[in-house]
Amino acid sequence: MDTVEVEYNPECEQLVYARPAALTPVHTHYCPGCTHGTAHHLVAEVIDELGIRDRSILVASVGCSVFAYNYFDVDACEAAHGRAPAMATGIKRVNPENVVFTYQGDGDLASIGAAEILHAAARGEQITVIFINNAIYGMTGGQMAPTSLIGQKTTSSPFGRDAALAGQPIRMAEILAALPGTAYSVRRSLHDARHVIQAKKAIKTGFEAQLKGLGFAVVELLSSCPTNWGMTPSESLTWIEEKMMPTYPLGDYRVAEELKTRRRRRAR
Amino acid sequence: MDTVEVEYNPECEQLVYARPAALTPVHTHYCPGCTHGTAHHLVAEVIDELGIRDRSILVASVGCSVFAYNYFDVDACEAAHGRAPAMATGIKRVNPENVVFTYQGDGDLASIGAAEILHAAARGEQITVIFINNAIYGMTGGQMAPTSLIGQKTTSSPFGRDAALAGQPIRMAEILAALPGTAYSVRRSLHDARHVIQAKKAIKTGFEAQLKGLGFAVVELLSSCPTNWGMTPSESLTWIEEKMMPTYPLGDYRVAEELKTRRRRRAR
Amino acid sequence: MESSIIIAGFGGQGVLFAGQLLAYAGMDIGRHVTWIPSYGPEMRGGTANCTVIISDEPIGAPIVSRPSIAVALNQPSFEKYEPLVQEGGLLVVNSSIVSLTSERDDIEVICIPATTIAERAGSTKMLNMAAVGALLARRPVLPLKAIDEALQAHLPESKAHLLESNLTVLRQGYEMAETATVA
Amino acid sequence: MESSIIIAGFGGQGVLFAGQLLAYAGMDIGRHVTWIPSYGPEMRGGTANCTVIISDEPIGAPIVSRPSIAVALNQPSFEKYEPLVQEGGLLVVNSSIVSLTSERDDIEVICIPATTIAERAGSTKMLNMAAVGALLARRPVLPLKAIDEALQAHLPESKAHLLESNLTVLRQGYEMAETATVA
Amino acid sequence: MAKGRVVIDVERCKGCELCREACPPDILALAEQLNSKGYRPVILMDPSHDCTGCALCATVCPDSCITVFRFRTENRGAAHATGVA
Amino acid sequence: MAKGRVVIDVERCKGCELCREACPPDILALAEQLNSKGYRPVILMDPSHDCTGCALCATVCPDSCITVFRFRTENRGAAHATGVA
Amino acid sequence: MPQALLKGNVAFAEAAIRAGCQAYFGYPITPQTELLEHMSSRMLELGRTFLQAESEVAAINMVYGAAAAGVRVMTSSSSPGISLMQEGFSYIAGSEVPAVIIDVMRGGPGLGNIQPSQADYNQVTKSAGHGDFHPIVLAPATVQEAIDMTVLAFDLAEKYRTLVFVVADGAIGQMMEPATLPPMRSLPSERPAWALTGAEGRERNVVNSLYLGADSLELLNRRLQSKLAEIETNEVRSDALHTDDADLVFVAFGTAARVARTAMQTLRRDGLRVGLFRPITLWPFPAEQLARIAGRTRAFLVVEMNAGQMVHDVRATVGATFPVRFYGRMGGAIPMPEEIEREARLLHDELMTPEDELRSKSPNGHSGS
Amino acid sequence: MPQALLKGNVAFAEAAIRAGCQAYFGYPITPQTELLEHMSSRMLELGRTFLQAESEVAAINMVYGAAAAGVRVMTSSSSPGISLMQEGFSYIAGSEVPAVIIDVMRGGPGLGNIQPSQADYNQVTKSAGHGDFHPIVLAPATVQEAIDMTVLAFDLAEKYRTLVFVVADGAIGQMMEPATLPPMRSLPSERPAWALTGAEGRERNVVNSLYLGADSLELLNRRLQSKLAEIETNEVRSDALHTDDADLVFVAFGTAARVARTAMQTLRRDGLRVGLFRPITLWPFPAEQLARIAGRTRAFLVVEMNAGQMVHDVRATVGATFPVRFYGRMGGAIPMPEEIEREARLLHDELMTPEDELRSKSPNGHSGS
């Protein structure tokens, strides 16, 4: 696929924003307004800014982001459902010089892949995990995820998620923060420009944790699924803010000292 | 196998302790001084005291306790390695009237079975989990477990567990306590009589949590493996106290209100 | 007699329901029918299509390489299926958004502004009914009445209030196609 | 010529090492050998055993239903293997803890107080050496010297300081068996 | 006078309109005709030249369809204020 | 005068000696001969009748080999103190 | 019951419910997800057990648990999920508890795609897990058969205390056809004697697949083998169409059989005497029935949606000398009637040539277009 | 290199190291644990990658990752663990990355026991996972072969970018025999062109098994099938002993072949002309070699430590008319030479009776004592 060549005159115009180089020109298959796309360009911008495109290896997972290996202009592979952290471990252990990151949905990471993510964090694997929490299984058509909200109607919880039958939503950022090998575990949201900008900062720190060899890093991002939530893209963003955020408070659940000090210094 | 009939005269003698009825007469295959046996008789005593022998279903796991179904005089099954919580879920969901408990080692529960135990806790399955943490894989001959201590030499960490390669020990009682469906999560030890008595109290509460339908209950027990630790039984108990307890502090990590109050009332 | 019908368009154009409607109607009047969709991961903007077979005998293959009737509700569908329609077959085209025209002289091509018809009746979402109407006007694989009844019987409750307007669109599609000069 | 030897006893009695020692010695003097243990989950008090085959030709089955030589270091092993020894075969019995005696007149049975011998030499753990010595005294499947050398070559470092006493026990077992009147 | 302008890759645009909502001066609108994917893309409608080149539209665009420029003639400083650098 | 006594299932005992260490008056000892499993079982050696029937041995015995009695003649109350009831 | 227009996946689910399925544990995967979704509403409405497991591994072990408790239980999945269940299948087989598995196959290997496939024929018939066992494998070709065989599956599972698979390619899961559902069965009032229900007033029950001694495990295996032998004598099912006068017989199951049927009709119209043999039980494989047909026809054309798996069972049945040709499509492609007709005409022409020549032409691998 | 007395499991591990294995990921399971244990010390000493995974599922996906990075990688397990790896195997096959798997089989089904078994023959040869693929399967019968075939496995895996299994029953993993280790190979200085190493100065690489379109996935499958065909022509291996003059030929692999060898020697001493055919590659199965022998002998006695799995490949090869008898032990039992001799004598006597009678006697299932 093509990219549009945008002409401009540097003399009198300053380029403020352009599509990041770490994204391929391919048109994504994501639904209109799906913030998977937003997460993609944030990760790509961070890769560009850190200048690690030619060192990075993406481990895509099984979910709507299954084609991520087509969208990021880096070496990439497609893991089995839930096993991205194990595959990333295999790669990072033999390629310590590479920057290895996984991109996983909530069904992938929190449900079928719970053991792999837990142990990657416990071992302190030097990988960065981008975790897209959209409270649903998107790819397969909107079934309940371990992250679905109480009362949320999905195609596999048609009467709304009932805590007595299906339990309460799992908060992965908090759980993973508690594991000994975790250097960085935070939750951010993609529901408006301000939060998108904060999310990008967190993603950058998540990669820096790996570059500094501090251990396992995960950035949980509250993301939308207009299609399976049955809402317009903008309604979806409101739903994230009003419905998801109370259950999934944004925040820093584990930030290694080395990362804190660094951030402060930069702030000055 | 036989049991010895012990004769005595109730007139002038009072029976203070006898082998619990919930244990079969079978001689266990455990090594001399292995506190798996201690955990067994505690669980059996609790079953006797609660009068639930004929309602209980044991889900044995794959580990040295693999033959537990021969030792407890209750309906029982043998789960696949690590999957006892899933099997117990299947049973409890169709037999809500039964008291379903798993008996799992640390390799079984914390390593291969991490996803199943995590989700059983998250869903708040009404089961009781007896978790034997002996910091090693006993059955297979002493390999490292996720619970092995830093520096601990095992047959798969011959130079001692190195945190940089294998991560830090995982504290399951704490992790499981953080999950929304957990009603009871505590850690006790089996290294001396006083602690054994405390362990029994915790096991009893763990079963009461299920009887009251409060949710998922787990009792982590620090246990010995003289054979694979290469120590005498009594050296092993010292090792638990001196080496394991600092890494695995005993304590109550989650106790549902209903269980607390009850305990207090009894104390009066 | 066996008719094989492929209906294709954008995800949101009610392609699958239009096919099901034909299948229901066929079943209700005692014909053998099969309906099979193209299926894939959730994606908007992807093109959806389904194959319906209506026959007097038990049906073997539920899919066909060359349908006797194709309904193209958008450009990509036209490009894909126009060449595949059997000789003597029918191609129904949604001229509201399909600008292309067929070069073939061995098939019947009927163009109707389905989107526009539906829009006028209240919602573009009903364009699929206009197409079905047009189809039946040129190929009486089923009596229009059967479709009417199927629509009443199987329109999802959520859409019940749209029954009348759907029927209208169906008729308008039918009539427009009856009178239309064939391309 | 092929000899099949089963050594059996309690877990702690050095059964497996005794077998390996024979295998090492056999290999070192250029014979074909196989060693295979009974294996199972870690359990004390279980009985352990291993099968050693020493032959002039490549070895097929690494296991035998009826060994030419059996070494029974405890009661259960005696009960299990006494009946299985081939006609004309040898049964070595640790009389220190095995009270039973064999009824068979078609095999040679040699009883030595292996535990006691070892205890006297410093540790009961060496009883396996006494048994090996006795075995070789009655069936020269290998020269005693080969065992000496194998022992020096393969005794685990942790036990190196016990080399001498092991050799002594080996010899004592050998001598006692040489002189012993056969049951 | 406009301080900036945006260029939209209309073929890539899926018409989700998130950029519209993010745009303070509200100068993005849906085009009349569909693109080849069947979407109504967003286009810049800035008659009174209100675009500040704040790039918020580009920040939230899930499909990275938007390129943003700011004219050098005035308040250069603003470039750093966008936070998307 | 002994306040209690213990009965040990010597066939079940594996001679781990944990009961010995738990026993306050230290009146448990290893037997001379092995049981049929090849273990040296523990036996009660209470010449001076020191057993209090505290049941600590039974509490720690991994193989539940020990049955414990307390004589009714004196301090019944102690029964409740054991905590293993 | 009147006919309804039913989607295969929904038909599987509703049929299971009517057959008295008391518990369902599963994990979403295309192209069988509608099955799980139907269960998620209907089972709860009926007050039965539905649980979306955290994974296929958990799902099959939940099934194992519920089966051990003696209830009618089922799970469903598709190829990758079925691979993850292999250990669980083996435990269930070793413990001799009944369970029903619906496998709606998709294109592989690996993540592959979600299009219809029959590439897991070997997986379900030859090795559904480690150790010596075979599940009974039923292969419906219509939505009506999907219903009937799901009901049959529960009965066979209970009768033999075994695993029963109902396997379909994605097309059968996704297509809609008119079909009739059976009436709702009443649930069994009590559990089997061996079930885990608490040992009140009876000897305790143990469900287990561990037999430490080789002798005891060999005994279990003998019992399993004689059970399998019994199944091989009693439960073989197949369907034959126009095979009496046929020069050439298609051998196919599932959707491939439907397509072959269409090809057969066209060819017959053109005067070629073609028949169709359709294994309904993939295990036990209807070898005798097939051998009998081999006696009266001249060649087989095996059509599969894979690289050639069942064809090995066909060859093993009729021997290397009998002409067996294979035509397959892979990766989720469905063969078109025209393709099969072409192959059939080629083969038919060859049938006029001497046997030996023909044989030499019969390729081993697939010859798909 | 001088001979050493080596345990099979240790031999596998040390041979892999000498063959240049750069990374090992595994999970403990009897009877292969010594393999993992040896790796845990040696790999670290050599500064290579060793990691005890949290499970077999994780282990195989770590292997997948390291293989995608282009290093020589291996895992090992036993029956239940191999079942858990099926999905991973399928992904590795679909992605065409090389990997070596050591499978030391134990008694099944289910938890079964830890005694030697060959009951997973079908699992490794017919269906190591969903979809159309076959790993190359090597079956050593001695500790020396365990070494040689492990080295070969790495070379074949790399040559064909495929999965290679080395399968042994527990006895071969546990026994000690004198054997010679190869010299230590130097590690490859660079990675293959397709490997994931970061896209510096080249087009980016993608390792993937997803092909959404049926056409593209069919293309992949065609490539895989032609690769398999190539392997079938180049890599078939087998061993024949005294088959030239034999009236009766044993067909067996692994430990069963060793026992059969002993039986053969005894029988030959008694004047019976018995031979032994030993498949070394279980896949591809040495059908031609076997067929040739069928041409000059009168019957086969297939001996396996299972209920009869390879015997189906033998029957498929020689057809229903050629006398094939099966003798098997299950559940971890190892057949004794005497048992095989008895079966052989029975069969040998029958060989003197008319063919047809004989055929009728040839049972389908196992006839183990």
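As written, the chain order gives the labels A, B, C, D, E, F, G and H, with residue 1 at the start of each chain.
Following the convention adopted for this analysis, a contact is a pair of C-beta atoms (placed from the backbone, for glycine too) under 8 Å apart; a residue touches a chain by one contact, two chains touch by 3 or more.
Here the structure is a predicted model, which means the values were calculated and not measured.
Participant: Which chains, if any, touch chain A and chain F both?
Facilitator: B
Participant: Counting only C-alpha atoms to place each centre, which chain is farthest from chain H?
Facilitator: Farthest by centroid: E.
Participant: Can you work out the whole-Å distance between the CA centroids of chain D and chain F?
Facilitator: The separation of the two C-alpha centroids amounts to 39 Å.
Participant: Could you state the distance in Å from the CA-based centre of chain D to that of chain H?
Facilitator: The answer is 35 Å.
Participant: Multi-chain contacts in chain F: which residues touch at least two other chains?
Facilitator: 14, 37, 39
Participant: Which parts of chain G, given as residue numbers and ranges, touch two or more other chains?
Facilitator: 30, 51, 54-55, 57, 80, 87, 91, 95, 110-111, 208-210, 212, 334
Participant: Tell me, which residues of chain D touch at least two other chains?
Facilitator: In chain D, 40-41, 44-45 touch at least two other chains.
Participant: Sort out for me which residues of chain G touch chain A in the complex.
Facilitator: Chain G reaches chain A through residues 27-30, 33, 36-37, 40-41, 44, 51-52, 54-56, 80, 110-111.
Participant: In the complex of these two chains, what residues of chain E are touching chain A?
Facilitator: 4-5, 7, 9, 11-12, 14-18, 21-22, 37, 39, 53, 55-56, 58-73, 76, 79, 82-84
Participant: With touch defined as at the start, can you tell me which chain B residues reach chain A in the complex?
Facilitator: Of all residues in chain B, those touching chain A are 111-115, 118-119, 122-124, 146, 163-164, 166-170, 174-175, 178-181.
Participant: Note which residues of chain D are touching chain F in the complex, please.
Facilitator: 10, 44-45, 74-75, 97
Participant: Spell out the residues on chain A that touch chain H in their complex, using ranges where they run on.
Facilitator: 53-57, 59, 66-67, 69, 73-80, 83, 86-91, 93-95, 97-99, 115-116, 118-119
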